[in-house]
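Inspection log for the structure reproduced underneath, given as structure tokens.
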Amino acid sequence: MVGRGRNRCVGRASRVLLWVCALVLLTPVGVLAGGKPYKIGAVFSVTGGASFLGEPEKKTAEMIVEQVNARGGINGHPVQLVLYDDETDATKCNLAVKKLIKRDKVPVIIGPSTSGNSLAVVSVAEAYKVPLISCAASYKIVEPVASRHWVFKVAGSDKHVVGKMYDYMQAKGITKIGIMTVSTGFGASGREELLRLAKDYGITIVADERYGPKDTDLTAQLTKIRQSGAQAVVNWSVGPTAVLAVKGWRDLKMEGIALFQSHGFGSKKYLELCGDAAEGVLLPLARVNVGPLLPEDHPQKKVIMEYIRAYEAKYQEPISSFGGHAWDSMHLALAALQAVGPDRAKIRDFLENTRNFVGQHGIFNFSPQDHNGLSKDDLEMVVVKNGDWALAE
Amino acid sequence: MSPRKLVPIGVFAAFMAAFPWIVAPFESVSHYTDVMVFAGIFCLVTIGLSLLMGFAGQISLAQAAFFGIGAYVSAILTGRFGWNPWAAMPAGAVVCAAVAWIVGVPALRLKGHYLAMATLGFGVIVHIILNEEVEWTGGPSGMVDIPGLSIAGTPLLSETAWYYLVWTFVAAALLFSYHVLHSRVGRALRAIHEEEKAAEAMGVPVASYKVQVFVYSAVLASLAGSLYTHYVTFLTPSSFDLMWSIRFVLMVVVGGMQSLWGALLGTVFLTFVGNEWLQVFADFEVLVYGAILLLVVLWVPQGLVVWMQERLRLRRAADLSRSE
Amino acid sequence: MDSIGFGAAWLQYALGGITVGAIYALVAIGYNIIYNVTEIINFAQGEFVMLGGLFAVFFHETCGFPMLPAFLAAVAAVALTGLILERYVIRKARHATVLSMIIITIAFSILLKGGAMLVWGRDPYRLPAFSGSGSILWNGVAIQPQALWVLAVSGTIVACLTIFFQRSVYGKAMLACADNPAAARLVGIPVRTMIFLSFMLSAAIGAAAGVAITPITLMEYDRGALLGLKGFGAAVLGGLGQFFGALVAGLLLGLAESFCAGYVSSGYKDAVALVLLLLALFFKPEGLFGSKEAAGLKRF
Amino acid sequence: MLTVRSLHTYYGNIHALKGVSLHVRSGEIVALIGANGAGKTTLVHSIAGLLKPQKGTILYKEEDITALAPEAVVQRGIALVPEGRQIFATLSVETNLEMGAFIHRNRRDQVQRDMGALLERFPILKERRRQLAGTLSGGEQQMLAISRALMARPDFLLLDEPSMGLAPLVIREIFAIIQRLRDEGRTILLIEQNARAALEIADRGYVMETGKVVLQGEGRELLVHREVQRAYLGKGSKEIWDA
Amino acid sequence: MVSFDARSKDPILTLQDVHMRFGGVTALKGIHYQVPRGIVQSIIGPNGAGKTTLLNCISGVLHPSEGVISFLGRSVESEPPHRIAALGMSRTFQHVALFPRMSVLENVMVGRHVRTRSGFWAVGLRTPTMRREEAAIGREAKAWLDFVGLADAAHLEAGALPLGKQKILEIARALATDPALLLLDEPAGGLNARETEELGELIQRIQARGITVILVEHDMNLVMSVSERILVLYYGQPLASGAPDEIKEDPQVIQAYLGDEWAPEEGKPIMNGRF
């Protein structure tokens, strides 16, 4: 009895040990075949709260690697994407970036997906002197440039989005607005810019409401704005709350007060979820979202249409503007690798001096003073019409 | 401590001291030092929590809040007011201790689910405050460019240096906690857990001890938060949300509540599981993580360390009975 | 400019608060059923709500069921999940402590969430309203028909449960199990079956809540945790195990949030609800409706 | 009617019953006495199905009921009135009785009739039928516990310490009820600390010590047994009390 | 109301008009009593008479609804149990309340808690004072285990002891607090005759050390053999008090505590609602 019992225990213990060993050994999943591949590191929020960003970014990046390798790589080197999921968690993101740098020794990193996570790794990129092309929006990621030597970003800054929006309001004679922002990094950064730039455009903010990313009801905020006498309401969020804002706006019959959404609303899925309710919603969007609406001679038309075709063919789903960030960062990284090879410092210098790079989100002009390279002119004001985007006049 | 216990502890300490040098030559695990820095920071939190839960028998779902308070006080004092981080760290601990005391006095009168709810509620409130007080905390966008640590004028840059710093803290916390446990205070805490009314009849001021150990766990969490701040040099409220409180509890439970080593092992284990070993499962990671937790709690409810200790004891007993 | 009076805004907040509150109440009731029979707090309750919504989407949108059959199918599917939880998880850990039970149910909720993410992906889904889309505007107050449905579903469930527990033999038997499981076994009540039923029932109610709210709030895989948290708050505030208490506490929490968002600060609305909860716990630890008498009796 | 053969039961990891054998004939009151921890309660819990015996058999009306669940034991006509009464304190008196008849739940008329009869029989319960059972006094609760057991229409009643915590006068009435129940044709196995009272109404008695039956005999016989007197009625209790 | 003039020159415990009500139920109805220093005082009475409630009031677990309890000249009726323990009163529990997963020795060491000082910082930093104190705690705890005869079991888990030894361990733990007054709540419950005899000897040895003992007990053999005075409680009120020999012969006590006869008389109504 005793003996058998013991053996069973030992058996169980050793099985547990085996599992642990297996897990440890499984950790390094590097591809060692082929010539000397050029590595590109990537950290996206594929799961967790910002997975709506990370998922299309991951798919886009993987698709581009396939395309490039199918064409024989760059300069005869296959491209290898080393991608980690940070689960929308700053700590994990920090760990993942260091892992890319120390273990995988990548010459360049794209991502992270969110502003928070990007800010959590800025110091890492600086400390290890590795070029990092963030896909997130916050201007703090690349400013002050003096301490952001190695960091770039491809998402337009919120100040451009707000600028575009305020331009439009100015043109329409809107001077009093209510804003409602989600209490995440995305919403907070938008709110900051909305408040900061308002007076430059002669706009008064008469209501400033906030809500949580998982809130189920926004009528309280909307009611308050309706009472405030605002001529327009700006909602700044992503995810279900962006849809709830539209539905609430429609339910409260607030059509007299124009609803502006942030660029975070730039996904066809949201339009589907809103149904008819979204008619007339205004938002500034990058051209990647409105590719088919662009004139044929627009410089971005070709890259955008190619991306849309390839992505939709491969994944059977519409593109989102977030995937476009991955496209831009990935192609910038590829261009750098092609031009200067896998050398961190040279890649950084190359990126900083890139001009007229035609991407999904605009035509990038980087400089030592500007690590974003976009302006508000890279956005279009879009209105929802018949369940689709249309350029607003 | 008896010499028989000292030998394995010595081996363990030697292993921990050599860890960065052991993993360094192997490329695929060379970054483990970095993971261990975070694991060490979390260990500080879970050592306190283990004292609170495993020994004094009180549930807390608010540890992430104390972790966060420590982190933000450090960040604000150094980033905004230019304090030296080494001065900000105890300041954070003092703030945390005060908050823990204020919350602990009424909360620890509650038991079971009600205590869980009260601490959980407090944790969520702190998280909301971190999110909303934009002027001070930067709100959801977080705080950037927080100064790093330096020792004697030399900035602490490498992971290895941080590894030694953090694990020195852990060793100190372990030693302190071990001493507390093997003293009148520790016995009183365990007595409270086992049979509160008898402990009180023996002259143990139950309410006061519960609050003291709650404050202690908050102070350790606060120190961990300060270290985290200066290591990552960026803070966002999402690192201190309810999910983190739950994670800390899970670390303690998976390792084994009735043992400080349990907190240590559980924390290191789950930090590696969460950040490293399950990456291969990609989308299935969450599922595997949940399954591991479920299996551990169902089949090894006493936690990995206590389970292993029991196995060893049984084995020894079996060996003895065989040799007889 | 619209001239919408103070009164209308007040009503609008109240309406929003009641709708959200009714949802919290339904989640709280789910906690209470299981708690009543087993004294376990099932932290996977929020996930039942999420699964209810997503299963309804699956049956209605993917399989093309009409709304009512889809509703029932979703409830049945989630009840099955509750069954699995009880049969294969809870029963295995019958002698676990309060803390390990909390952790077991949390682990199970992680599994459910992970599973839902794999099956339905990370996007939110919508479901058409039970009757008529759009809303009715009455004196400047927008009323969503679906909100009325949510209230109706909550009301019906609370009424049915009250009748069930006060009138039916099985309901009383469940209460007897909670009161004194050993004595319940002695009079021939199959306690295990009752526990089993309580899990299915509470999962089913969670699912019904999920289906009812999806047309208003959309539903995605990680919605469960927050709903579960608020529902737990309502359950504790109302006094664990009290159905009527859960309803009132749920509505109170919903109203507190809504009015706080309307009149104080929308950012702090969750905090205000929680501060209320903490104060209630500190000063009336058995919850608003947990009777001291019953609590006293319970201990003997 | 009931035969227990060399029963072994563990309570946790304590070997609480070490081969207990006893029998109860139809229509008699059998008293089971012994110190705390002698295993009396473990024995009735084993019979009622609350505990699973490791070894031995329990035969009831020629049927082996050793491993049956409590539900099944009640179905066969054995009801236990547990120590400390164990009424459903938060439910009303009526609901308590209704729960007692849980196994007859599909015969509503019968349940109503039985309940009516019991309430007639115990007017005090009738008066309080809408009160929460926990608010009853000790004696009333004991009455309710016995009534609840009777709602299952048992032939065989197991009574565990029915006099515990009750005032002497109330105890007297409870014992009268027990005798009445026997006179109505029910068989009773009675556990009592109050050995004297139990043995006085019992037809036969068993004495248990540390998990074993150490003595058995007729009630009156045990009452005057020297060992029993010394151990359970108190040494010299005669001198002290019967002075 | 019965009130006993049990005043002595040097009472260790004085109860004045102690009432205890739970909701509508009055468990103690005005108790006046004094316990002289150095004696073994027993409290007997039927279950539900209020013995344990009285013990809980004295030891601070419950606070009486009315009345004054003074211990060593200080009124303690609103003090928490741990303060009362510090003043020199200790107790055991009716249902064994040990710390089951701690060792026998550790259980007794917890008893020393109230006589030692080192705080959280001191023990964490292992100050020299704290080390001396710990050593003393260990020594004294061992001495008490020797005293009650459990020294051999010092390193076993307390929960693994047989019930008889657990009861003794509870007494050792209570003694370790250096009490002037020791309250024993049914210490013989569940003990066999031999163990009960040993317990009686132990109580006498405890008394010999100058510790006053209050004993709540059902076992009349024990009560009669060790007590100097007995208080009989009945329905929350004192029914009688005196030396064992007086109590034995008190007709009221015989009437209330045992009852005179058990067999019901034929034809007498029994369901008369006197419950």
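Labels A, B, C, D and E are assigned to the chains in the order they are written; within every chain, residues are numbered from 1.
The rule is simple: a contact is a pair of C-beta atoms (placed from the backbone, for glycine too) under 8 Å apart; a residue touches a chain by one contact, two chains touch by 3 or more.
Note that the structure is a prediction, hence the values are computed from the model and not measured.
If you take chain A and chain C together, the chains in touch with both are B. Comparing the CA-atom centres of all chains against that of chain E, the greatest distance is found for A. Taking the CA centroid of chain D as reference, the farthest chain centroid is that of A. The centroid of the Cα atoms in chain C and the matching centroid in chain E are 48 Å apart.
Averaged C-alpha coordinates give centres for chain B and chain D that are 53 Å from one another. Remark: chain B and chain C have CA centroids separated by 32 Å (rounded to whole angstrom). Within chain E, contacts with two or more other chains are made by no residue at all.
Residue positions of chain C with contacts to 2 or more other chains are 117, 265, 267, 270, 293, 296.
In chain A, 47, 49, 183, 210 are the positions where the chain touches two or more neighbouring chains simultaneously. Here chain A touches chain C in the complex through residues 47, 49, 51-52, 55, 180, 183, 209-212, 214, 216-217, 219-221, 223-224, 226-227, 229, 239-240, 243-244, 247, 250-253, 256, 269, 273, 275, going by the rule given at the top.
Against chain C, in their complex, chain B makes its touches with residues 53, 59, 106-107, 109-110, 112-114, 116-118, 120-122, 124-125, 128-129, 131-132, 242-243, 246, 249-250, 253, 257, 283-287, 289-291, 293-294, 297-298, 301. Interface of chain B with chain E (complex): residues 176-177, 179-180, 183-188, 190-191, 194-195, 197-206, 212, 216. Interface residues of chain A facing chain B in the complex, by the touch rule stated above, are 2-3, 5-6, 9-10, 13, 23-24, 26-30, 46-47, 49, 84-85, 88-92, 94-96, 98-99, 102-103, 115-116, 119-123, 127, 138, 140, 147, 183-189, 192, 210. On the chain C side of its complex with chain D, the touching residues are 169, 172-173, 175-176, 179-180, 182-190, 293-294, 296-298, 300.
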